[in-house]
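Note that the chains take the letters A, B and C in the order they are written out, and that residue 1 is the start of every chain.
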Amino acid sequence: MRLRFNFVLGLALALLVVVAAISAGWIAPYDPVIDADLMNSEMPPSWEHWLGTDGQGRDVLSRILYGARVSLTVGLVSQLINSCIGTALGVSAGYFGGWWDDLVNGLTNVMLAIPSLVFALAIMAVLGPGLPSLLIALGLTNWSWTCRIARSSTLSLKNQGFVQAARSAGFSDTNIMRTQILPNILGPVLVIATLGIGGAVLAEAALSFLGVGIRPPQPSWGNMLTDARELIRTAPWASVFPGLAIFITVLGFNLLGDGLRDMLDPHMRTRKA
Amino acid sequence: MNGILPDPVLSVRNLRIGVGRRNEILHDVSFDILPGETYGLVGESGSGKSITGLSVMGLLKRPLEVIGGSVLFRGQDVLKLGSRARRRLRGDRMAMVFQEPMTALNPLATIGRQIAEMFVVHRGMGWADARRKAVEALESVRVPSPEERARSYPHQLSGGMRQRVMIAIALACRPDLLIADEPTTALDVTVQAGVLELIAELCKAEGTAVLLVSHDLGVIANMCRRVGVMDRGRLVEEQDTRALFANPMHPYTRGLLAARPRLGSRTLSGRGRLTELDQVVASEDRARDTPTMTTPRGFQAEATA
Amino acid sequence: MKPPLLEIRDLNVHFPLPRRSLFGPKRTLRAVQGVNLTLNEGECLSIVGESGCGKSTTALAVMGLQEPTSGEILFQGRPLTGPSAPARKERARIAQMVFQDPYASLNPRQTIGRMLSSQLVLHAIARGTEASHRVADMLTRVGLTPDHADRYPHEFSGGQRQRIGIARALMLDPKILVLDEPVSALDVSIQAQIINLLMDLQETLGLSYIMISHDLSVVEHVSDHVAVMYFGRVVEDGDWHSIFSSPTHPYTRRLIGSVPDPDAILTGARALPDAASVPGAARFSPDISRRPDPDEQPEASELVPIGQGHRVRLAQ
């Protein structure tokens, strides 16, 4: 398998974030919440605080490392929920057609018509802030693109010879969807999913920024930005570095998605000699 | 020999095409097409017949590129022309008809507009005049109620009608050379006959030379005076069509002719196996530095029969 | 009397068409209209006609991939359609299909071995090493080698893919093979190999074929019986010899006459054989000088015998 440059770069960036999130407990020099030192607030980057301190004197680097846990959990879990819902609805709608297709289509259009961030905001308002409700809110609101892609790919695959052959050979509809259709739409679904992870990281940041996501003092990239917005002139590092973290994460997953799409193309796969 | 024959419209000399610079897939192909002549290139998929046609038009897509030889069109090497000069030549002096008319036509423009465009671009006509000419062109390719049809979009026409429109576009500026790449492969047999007849008739009337690229020996036999057989990037045989069918010289050609079931060849005694190509010519014998087997122009089947 | 292997009785397949205007009448496309066909054991029945004539829809109905609007399909006297139709798995042992496009008919993400053995596992015929043995046997039988089982479809040429398609169709040992344009997407030299393979398999395995084709020279070479379809109806049918030696319906004559014939260049224009004589002053149906509207109720007509097992459609 030939490795693509964008895949390697994306993988490196994504791995960097994953490693940071997992090992935050060991490598973070300070505690993100307790080690507040108001005497040392708004300190520029130095040997003691590599990325400076925020308005309450907490180490920005430590808070970014711990914040990566929140961002990644939200990104991966909510996108997993989205992909499962979207794929299941899209494949079944495309395969069976009829009233079920109409229903799913209608639902997808409704979902697309409501801005997903507004929808997530509404769900958060009902469930209250916190990580579990964030996962549910973002996991239920962003499946429509996956669903559309899954449905249209299924429609074009449904009448191809190999699906008809599988029907003629007596395979059940669920078996056909699982073994014939799913592997062939996994590429686009995966690409959408990796792009979606980036989107979910952004959405988490936005919701936390608006104060309905992760409650302070628990660090998340979004609420770090909220806290730092008044310090943009006096302590720009407090907002620039969380922003950079978001940027690196989103870029990493997008590149990973592109690379995966290229490599999942079966024509790239060759027999072991 | 050149003393009695007119100068060729198209003269392809030692044309070599590669995937990139190194990987050569078309080796030293040479042939001439005389004014008004219909020349056939026959071969299987991957034999190089289509890229030969595309390179004459200057429509090769990367990574394919010409790595040697020349394409003389009315004595001028078109490979040495700039892209502007080539573009002016295309559609005006040489034109092409593709296999799939639906993808070759613009789905968002009316038929009339697409034909008229040719007159506007190459003849500098006004749109009103060009439109009138477009209707005439549709009439000449025997599209029923051309006035009305000029206002339709490609998807409103049947496959055969679309191919007629393609021919009208290709012949709009009365080119000297028409390249037809599998023009009837996507059509039903009953429609195919009409389209082929149309190409033959219009080109004869205008004296247009035709390079007909096809995998179908039957189509080639009906249309062409001379035919070149291509196999694995080489022109392996070139003959008068009658001579080719009566007395194929290259083993590959013999295999190709034998492998085809002929209508009316089955006898009541039962069905026999067809001759397979590799029974006639072994795979390792094919196209490895094969010399091109040619007969001089005008060589007739009677001479050998 | 033993019933024929497969019998299609008065098959109709209609599709709804969009209305011409909001309050316009309902329109239906009559893709297949009152088709009656019989396939005898060990024979090859070919259905010929141009694209859109209903030949593929008929084949899909036989395969159970298209629900007929009315009519029935009987296998050895047992209905394959309607309420007492067999389940999908049972039906799979009766008929299998070989598809036209060897590129779209193989799942690009399944190895050949997996594709073939999964059928055996599903039908509880064999599993594990026994299944791989059967797969290897089948691959050899269609002219491939056992080690091809580990490969993916994109590693094969068009002709090899079509062999794989044939192997897949034969895995469950069906009685009938439906061949949908089995060679039209292949190169001329490959066509001969696949036709020979199909004829050999038919003899050694005692298969019966329904072949859908527009290539009349292949049809003449392979078939026992031929049915010519035009706009959803059978306009002429008979054994291969009567169709090709005395084509009678004007559409059949046009079809045979339009085949580009390489021999014509040597022997002059090919003369079409004479038509069989038709009783009385009957008129052929439908009139092929104008395109019939598949949305209209067709004119009353019937297939009239004009020779030994040779019938042609005449207006009533």
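The rule is simple: a contact is a pair of C-beta atoms (placed from the backbone, for glycine too) under 8 Å apart; a residue touches a chain by one contact, two chains touch by 3 or more.
These numbers come from a predicted model, not from an experiment.
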Item to complete: Select the category (line, ring, star, complete, other) that matches the graph of chains linked by touching.
Response: line
Practice prompt. Would you kindly say which chain has the C-alpha centre located farthest from the C-alpha centre of subunit B?
Written response: A
Discussion item. As a quick test, compute the distance in whole Å between the mean CA positions of subunit B and subunit C.
Written reply: 32
Fill in: Rounded Å distance, subunit A centre to subunit B centre (Cα mean)
53
Fill in: Between subunit A and subunit C, centroid-to-centroid distance (C-alpha), Å
50
Item to complete: Quick one: which residues in subunit C touch 2 or more of the other chains?
Response: none
Worksheet entry | Residues of subunit A touching subunit C in the complex | 160-162, 164-165, 167-172, 175, 179-180, 183-184, 266-267, 269-271
Worksheet item: Contact residues on subunit C for subunit A in the complex?
Response: 63-65, 87-93, 95-97, 99-101, 104-110, 115, 118-119, 122-123, 150-152, 154-155, 165, 168-169, 171-172
Worksheet item: Given the complex with subunit B, which residues does subunit C contribute to the contact?
Response: 50-51, 158, 187-193, 195-196, 199-200, 214, 216-218, 220-222, 240-241, 244, 254-266, 270
Discussion item. For the complex, give me every residue of subunit B touching subunit C.
Written reply: 44-45, 188-193, 196, 215-222, 241-242, 245-246, 255-257, 259-266, 268, 271, 273-278, 301
